[in-house]
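Look at the two complexes coming up: subunit A is in both, with subunit B in one and subunit C in the other.
This part shows the complex of A and B:
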């Protein structure tokens, strides 16, 4: 099997525990964040290279589809950041925490912290989207 | 109890493509998965290939993916799988030679690359006997002495799946065993190997290795300790 096929087979079919799924989510959210940053750098560069297109790009960002995608993006950024801090702390400062119970517990706490940050943020973002795009709440 | 056993099959000499065979069998809940495979060989298909030797979790021959997770077939009871459907596949990331048998040579190449043996060329102690070590010094690397080289850890590692050049958890565990041994003098050479592109920095802390280890070695912790030695320059 090629490395790519082996990797994808492992990602999809290996029945790991919390660490495996935390690793996968870290990868996916990392890709999501990187994709956004690339798009963001490109659209900002329009200000200099294609000023007319810049306004078009901003209008696209204000569309409902992008609004929903941004809510997902915020989850990606929060999870990737919080989980990255957890991994860095365990790995660089306190390797003794890499025990089965502490690792399982910490992955759940990471997800909880992410959700606690993400739910209020997405509520505000969705409110704004409904207000501006659909005229709800007197918009 | 009645179970449905699904086994990965690949017999290169037959020219058939890899596929799965299914066997419906009556087994005892206290049977181990290895017993079930032995039963298939005895009663249904003597061509089924897998490795086994001691059959008691010591030799490390029969690591395989059982219901999607790396385990030793001789250490897992059917009843502990909590399912009447059992899928058995070869470990991932090493070339399948036949059925559940993989080519372990790349795994052992990585193992050998970290000098997994005691090195001390200093003159022997004056009494001509042993190089003494305190119980605390011995305890420092006790956990990593338990490795049986079954490859369950290395082949559960996403970094190893993606890049077979990564030395993998088992090699690092065996390096750890000597790096932290107060009597050994070759830590610098081992750390040089582990500080390369294919060394410890490929560990992404997915933790599959620790979960898969049939000897309960705290592998991710051992890898993190080796990382600490590399960037701090101190063996503590």
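This part shows the complex of A and C:
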């Protein structure tokens, strides 16, 4: 248990600003995506193992609660992907560019690209949810 | 004046180095695969238009099956290895890590096998 406390205290109290926040966000979004991925592989495999139950799983995903979670999931994947590409670029192609000012700048660009992708995507997903679940826009 | 030179042999990459490389190379592959999957299925098609028939039509094309096989193989291995790297921060004893590594390996193997069987077997009709 002391390991858990030491690690969590380190996560919370380390003051590395942008680099630290993007490290934490990368971990949280990655874990969230991975946990969803386990469920998603299993529910999709219903089409072969339990085809009668597949529609029940899909109906769950169509609910409002899961619709909101889906918007969050898309943020997780977009941020994790764009930030992962940033890390892979610096590690594999340009390790000489790892410096504090460049990290601060590139984390901000990462967040900007993520939001530019996520905001229109979530607008379309919310439109679909309001159309199908609440009868808005003539649905 | 003579210059002393010392050659250092590059150490052979161990498992952690290979896992570190795998995360970055698979990331580059996963960007088009996962972003494409998300934009197509969640945004353009939407969950309200996905059902058993949709999956059957999609998997009738071998190209989409290969696409999904690549997603299953790379995304899930990337994910499970990521969970392993996070848990390595919290579990420091050799014994604990060994149990965690084997547990995650089994999880990866079983879930990947289930997904692969469904992907190869395809959509079965409702009885």
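In the analysis below, the second predicted complex is superposed on the first by the 138 of 139 C-alpha atoms of A that agree within 3 Å, B and C clash if a C-alpha of one lies under 4 Å from a C-alpha of the other, contacts with A are read in each partner's own complex, and residues count from 1 in each chain.
Methods note: contacts are C-beta pairs under 8 Å (C-beta built on N, C-alpha and C of every residue); 3 or more make two chains touch, one makes a residue touch a chain.
As the structure is a computational prediction, the values presented were derived from the model and not from experiment.
Asks: Putting subunit B and subunit C on the same copy of subunit A, do they fit or clash?
Replies: With subunit A as the common anchor, subunit B and subunit C collide in the superposed model.
Asks: In this superposition, which partner touches a larger number of subunit A residues, subunit B or subunit C?
Replies: Counting contacted residues of subunit A, the larger count belongs to C.
Asks: Touch check for A:87: first (subunit B), second (subunit C), both, or neither?
Replies: Both partners.
Asks: What is the contact status of A:7 with respect to subunit B (first) and subunit C (second): first, second, both, or neither?
Replies: Once the two structures are laid over each other on A, A:7 reaches both partners.
Asks: After lining up the shared chain so the two structures overlap, which partner does A:23 touch, if you call subunit B first and subunit C second: first, second, both or neither?
Replies: first
Asks: Could you tell me if A:65 is touching subunit B, subunit C, both of them or neither one (first, second, both, neither)?
Replies: neither
Asks: Kindly classify A:121 by the partners it touches after superposition: subunit B alone (first), subunit C alone (second), both, or neither?
Replies: It touches subunit C, and subunit B stays clear.
Asks: Give the stretch of subunit C that clashes with subunit B in the superposition, choosing among 8-16, 26-34, 44-52 or 62-70.
Replies: The listed stretch with clashing C-alpha atoms is 8-16.
Asks: Considering only the contact definition stated at the top, list the common interface residues of subunit A for subunit B and subunit C.
Replies: Shared contact residues on subunit A: 3, 7, 87, 91-92.
Asks: Help me check something: in the complex, which residues belonging to subunit A touch subunit C?
Replies: Going through subunit A, the ones touching subunit C are 3-4, 7, 27, 30-31, 33-34, 37-38, 41-42, 44-49, 51-52, 54-55, 58, 61-62, 67, 70, 74, 77-78, 81, 84-85, 87-88, 91-92, 121, 124-125, 128, 132.
Asks: State the interface residues of subunit B toward subunit A in the complex, per the touch definition above.
Replies: 65, 67-69, 92-93, 156, 158, 161-164, 204-208, 210-211, 218, 220-221, 224-225, 227-228
Asks: Write out the stretch or stretches of subunit A touching subunit B in their complex.
Replies: Against subunit B, subunit A makes touches at 3, 6-7, 9-11, 13-20, 22-23, 87, 90-92, 95-96, 98-100, 103.
Asks: How about subunit C: which of its residues touch subunit A in the complex?
Replies: Residues in contact with subunit A: 24-25, 27-28, 30-31, 34-35, 38-39, 42-43, 46-48, 50-52, 55-56, 72, 75-76, 79-80, 82-83, 86, 89-92, 107, 111-112, 114-115, 117-118, 121-127.
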